[in-house]
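Paired with subunit B in one complex and with subunit C in the other, subunit A is shared by the two complexes that follow.
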Partner chain A sequence: MGESTHFHRRASGYLFLLPYVVLFVLFLALPLAYGLGLSLFRWELVSPAPARFIGAGNYREALGDPYFWKALWATFRFVLLQVPITIVFALFTAVALDAVSARRQAFYRAACFLPGMISISVAGIVWRWFFNNEFGLFNAWLGAVGVKVPWISDPRLAMKSLAMMTLWWSFGGPTVIFLAGLKEIPRQLHDAAAIDGAGPVQRFRYITLPLLRPVFLFVVVMSTIGGFQMFGQAFMITRGGPEFSTRVLVQYIYETAFTHYRMGYGAAMSWMLFVVIAVFSLVQFRLIRERRRHEI
Partner chain B sequence: MKSDPDRIPGGRAAAERTADTCALPGSRGRRIAAEAFLLFATLLALFPVVLIFLEAFKPDAEIVHFRGILPHRWTLENFLEVLGSPEEVPILRWFANSVFISSMVTLLVLVVDSLAAFALARLNLPGRRWMFAAIVATMMVPGQVLLVPVYLILNRLGWIDTPLALIVPAGAGAFGVFLLHQFFQSIPRELEDAAAIDGCSTLGIYWHVVLPLARPALATLGVFTFIGSWNAFLGPLVFMDSVDKYTLPVGVALFQTSYYAEYGYTLAASVICTLPVLVVFVLFSRQIIRGISLTGLKG
Partner chain C sequence: MNPRPQPLGRAGAKAACTIACGPIILVCVLGFLFGGCGVGTSDRGPIRFWNGFTGPDGRTMLRLVKRFNCSNTGPRVLMQRMDWGTYYNKLMVAGIGGRAPDVFVVHVDVLQRFMRTSFVRPMDDLFTKANGLDPADFDPNVRRAVTRHGRPYGVPLDVHILGMYYNVRLFRDAGIVDAAGRPRPPTNREEFLAAARRLTRDTDGDGRIDQWGFVFTWFRTNVYAVMAQFGGKFFSADGRRCLIAGPQNVAALQFCADLIHKYRVAPSPQNFDSWIGFRQGRVGMAFEGVYMLGSLEKQTDLDYAGAPLPVLGGEPASWAGSHVLCLRADLRGERLKTAWRLVRFLSDNSLDWAAGGQIPVRRSLRNTARFRSMRVQAQFARQLPNIRYGPAVPFIFEFYSEFDTAVDKALRGTASPAQALREAAERIDRIIEREQALAEQAPAGRSQ
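Moving on, here comes the complex of A and B:
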């Protein structure tokens, strides 16, 4: 009898899992495998021709496709431009937040976090207006001193402008994580160092930074992964232009699959992006393990 | 005790610590410098948000020829115009779509994820360890990689251009299971044992013991999910075809492409799109910020 109750409990336990597992399989595990399979086929959704197996053909095509390389390079440029400034600014903000009274801290922290709550379509609309050559806010201000900056109409400048906009949009998350990390640092360390005559800069350099290292690396890797997935900013503000200078990989995949309906090629490029991101995720896993060792 | 709420930023300990730090010699100058920097960062962060709201009340001519942050002539024209052409710009319809979809996604995620997290964290199911590991590993999978295959699966199901396409797949995300799992683990086992001795079933323990104790974590996950769903962009852009099925952000974005020169209208539409998120943020900013801190530290 005890045996059967036990069995019953176990079966009902799996029932709790069932709804999630169904969704997980149908919309996460299956699409992941399906996408990989799809990438081995030539398949135009709108054409009557059936999908045709072409092996690594789509991957070979990508490697010989100048637009793919251009999009990959644009993506890397965005990551290289945006991630460092966002992280440095977030770190400064977090250190400043850590130094003010609890009530003011709550207000400032919420204010810094607010931009990330704005939908990318709204954020894009506003910044597209800021950056506009003729009617834009920035050039209206700069016009007062006789300067006109081609924020998003110069291919050399456009990606920098998007990185600047993204700094505004996304520095709140890293700030909040840094602040949480700063609060885990034992106060006694700072007190002891202060008694020994260490100034604030030295304490930051020799206590805060080393102890914050795991959180710091985590934020770096997460921001980098986020940067590789950039889409909305380019779609809303520059439309990938000028001269494809801001057409990132996700936008190219979007256009390939949903404007030209080339599903196989789109899936193949998605997997290539995934591999690039996975390399960074593996780095992150390694860092988390190092962090554990650090704590012991 | 991994998810002890007292270790969460903004907690009591943090407040005490901050007060103490301020007593350090030379900390006055440091605090002033910190305040100055924060004022700068806050201005930078809030300026575009405030501007959306102010510009929407300006006539077009004033937006294009910027003469100051405050409108010289306040006007409701932009709003009346945006709300006044429901055939071309069904903004109230988009609003209703967004409210419906985001609410259903939030409900689905809370129910499904809490059931799964409860089973994984509290029931001694064989295989739960590797199942949890597999689920958490997928948090690394970028959504964009799934876009093409999910589109084709939804197409096969006949769900493209229906709200189901935006609601059901959202329940597959691993974040909620991870978050609730960590929280459920911190609930003392004795409470469950006591309930079981009193004759409570597994479902009863889930409903009467674990869920009420997990209310803060559920609130965090709920707010997160709602805002994430409200702001989702790529999914609705790809999965919805008819104009009256769009969500608000996608409607506003595509509306901008046809009226891109008329900033007043697009900004009024932006205000309508942003207001609900602002209300949710003001009411629940503590839960949101706690969620972010948790993912960072316990990740």
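Moving on, here comes the complex of A and C:
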């Protein structure tokens, strides 16, 4: 291979990468670095006081801020409620879809994916009405059997209601990914197991689940990250209430930075959330990989 | 085995270069074109007018701006509407970044926050009788709210007062009528409680109340008005201490909680959406802003009327807000003249604006036959001498956040009014301390 051709190949490879690198640096790396710098300053947009370097002051403030802990706990509660339910529901839906004919599958797949196509603002407004205590659709139905549920007006129930709404809104994506994963599993394995006398549950347990593990890992990590970044549902449906029970960390960060204009403090909490998400993602990768190695 | 990738060659490299550079060039061009929009003082282009009127009020405002543009000889006015939920964030960031619109609307209780920035123009030289807007035509309490250190920072366009809407049919059915058979809205606490009790009913006999005497619509405005009626104060005169946990406020909040838990004439808290209950004809009385009138006027199957809030405490008072027209600080020459003409035009025509569910802030306009024929607005306007705007503090959104939480807890019964307000006061005091520390760090001459 000539020198010139080799150079062209390498150069064209880098050139293909360039648009993404430029956009990545401009819109992700630089803002991230800027945010990190900002988190070390006390800077309040509307204050006449100039930005002042305070080192870890914003981080210390967050650690002593009860609202920060409450918002972080609300975020954890949402992730713990929503992620397992979504994954289990999406997995079983995908398995069910995998069993129907290709034509019907296309229809059901589109139907599952459809809610996720609706913007969170629209979905949020619609569900806020569904959840309304006195005049909402759900309580109108339940009223027929004499039951009335304070879906979003009871602090103990509000987060569960948001998780329910999120399940409806977001399970389509994981379902389609699981379905694609299921298609990759060779049919012969199931056939051979069936000949050996394995029932559907055994085949699911010993063939489907192990071979779906890479897809599973991807879906778990992405759903967890999505869960930690939840904002739209809480903002549109409950505004973080009642009594801050659904004010998740992203909403608190948003309010701190863009309503109270405390930019440095907002940036510090963003970085703390980033660390939490990174730690969770690493732990998930490690757990699922460890188990695979152990099983091999 | 994967086939070995083939080298691209010169033609391929050129194609790659084009594909790679295309988006970058596009980003640069777009950045050049749009990044500079409105940056710094622009002496060209249309007058940019920002507001948060995204509902039917936005269409009314757009019609007014179009009328202004038809008669205007200066630069054209371009109106941009955005949702109030994100409006202030955008306005503040634009202003701080030197891209403030030429004319913009802010609520009167948020004005304090904007007056601290350097992009709002004081209007003492413009807002004069000689310039076509007589300050004496505005009520003193309204004028005071837009004034800082003796200088007005905006022209109030309207006043939206909290009033009482009531269902005429339900009042008649419950026999709450005068000698002539006309519905008789309550004017004091005893009448209010009596009416609420008579209106709260289980209409279908299933053992559950399905018609309520009263609903809390927006906790913030509803409770704020009741606290004002009980004589409650929110801050000390020097602004260094939060008085929200004072005995009057505690008593007012207790009364509100009692409407739900003791008297059982209001349903469990549900915030904004309870308004739909009123519109469905299942609620007798609701305290709401005059701006909700637009939604009622379209409804043909609801017989409603408006009245001033009953006096539930010791003195008449009601919550109110105002939209205030502000100008960008560095406007000069023809642009300043056009922007001021727009402000005057909107103020002069604020009766048209009021028809959509507002009250004109100018006395001369309220004294017209046309305004007096606006049945709900005219009733609500009777409260004007006793209106209370939100507290004039620069950390208004943080105050509201704490206030809303305290009220929420008390109305739900998860904390006593005294405890909820005490906790809120402690947190607001910490915000005040933080603000004071920042003010002390401000350079001399910029201390706010």
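The criterion applied here is as follows: the second predicted complex is superposed on the first by the 256 of 296 C-alpha atoms of A that agree within 3 Å, B and C clash if a C-alpha of one lies under 4 Å from a C-alpha of the other, contacts with A are read in each partner's own complex, and residues count from 1 in each chain.
Keep this in mind: contacts are C-beta pairs under 8 Å (C-beta built on N, C-alpha and C of every residue); 3 or more make two chains touch, one makes a residue touch a chain.
Since the model is a prediction, treat every value here as computed from it, not as a measurement.
Chemist: Tell me the contact category for A:Pro48 with respect to subunit B and subunit C: first, second, both or neither.
Modeler: So A:Pro48 only meets subunit C here.
Chemist: Touching A:Ala110 in the superposition: subunit B (first), subunit C (second), both, neither?
Modeler: First partner only.
Chemist: Pick one for A:Gly266: touches subunit B only (first), subunit C only (second), both, or neither.
Modeler: first
Chemist: Identify the partner contact of A:Trp129: answer first if only subunit B is touched, second if only subunit C is, both if each is, neither if none is.
Modeler: Touch partners of A:Trp129: subunit B and subunit C.
Chemist: Looking at the overlay, what does A:Leu28 touch: subunit B (first), subunit C (second), both, or neither?
Modeler: In the superposition, A:Leu28 touches subunit B alone.
Chemist: According to the stated criteria, A:Ala11 is in contact with first (subunit B), second (subunit C), both, or neither; which is it?
Modeler: second
Chemist: Counting residues of subunit A touched by each partner, does subunit B or subunit C come out ahead?
Modeler: Larger number of subunit A residues touched: B.
Chemist: Looking at A:Leu162, would you say it contacts subunit B, subunit C, both, or neither? Reply first, second, both or neither.
Modeler: Once the two structures are laid over each other on A, A:Leu162 reaches no partner at all.
Chemist: Kindly classify A:Leu212 by the partners it touches after superposition: subunit B alone (first), subunit C alone (second), both, or neither?
Modeler: Neither partner.
Chemist: In the overlay, answer first, second, both or neither for which of subunit B and subunit C A:Val83 touches.
Modeler: neither
Chemist: Under the contact rule defined above, give the subunit A residues that sit at the interface with subunit B and also at the interface with subunit C.
Modeler: Touching subunit B and subunit C on subunit A: residues 9, 12, 16-17, 19, 23, 26, 128-129, 135, 258.
Chemist: What residues on subunit B touch subunit A, complex-wise?
Modeler: Touching subunit A from subunit B are residues 7-10, 13-15, 17-22, 24-27, 30-31, 33-35, 37-38, 41-42, 44-46, 48-49, 51-52, 63-66, 111-113, 115-116, 118-120, 123, 125-126, 131, 135, 138, 140-153, 168-169, 171-174, 177, 202-203, 206, 227, 230-231, 233-234, 238, 248-250, 252-253, 256, 260, 263, 266-267, 270, 273-274, 277-278, 281, 285, 288-289, 292-293, 295-297, 299.
Chemist: Could you list, by residue number, the parts of subunit C that touch subunit A in their complex?
Modeler: Subunit C reaches subunit A through residues 5, 7-10, 12-13, 16-17, 19-24, 27, 88-89, 92-93, 96, 113-114, 116-117, 206, 208, 267-271, 273-274, 276-277, 280, 282, 394-395, 397-398, 401, 404-405, 408-409, 412, 414, 435, 438-439, 441-443, 446-448.
Chemist: Please name which positions on subunit A make contact with subunit B in the complex.
Modeler: Its residues touching subunit B are 9-10, 12-14, 16-17, 19-21, 23-24, 26-32, 34-35, 38, 89, 92-93, 95-102, 104-106, 108-115, 117-130, 135, 137, 140-141, 168, 171-173, 176-177, 179-181, 183-184, 187, 190-191, 194, 199-200, 215, 218-219, 222, 225, 228-229, 231-232, 235-236, 250, 253-254, 257-258, 263, 266-267, 270-271, 273-274, 277-278, 281, 288.
Chemist: Taking the complex as given, what residues does subunit A use to touch subunit C?
Modeler: Residue positions touching the partner: 1, 5-6, 8-9, 11-12, 15-19, 22-23, 26, 42, 44-50, 52, 128-129, 132-136, 146, 148, 150, 153, 155, 241-244, 255, 258-261.
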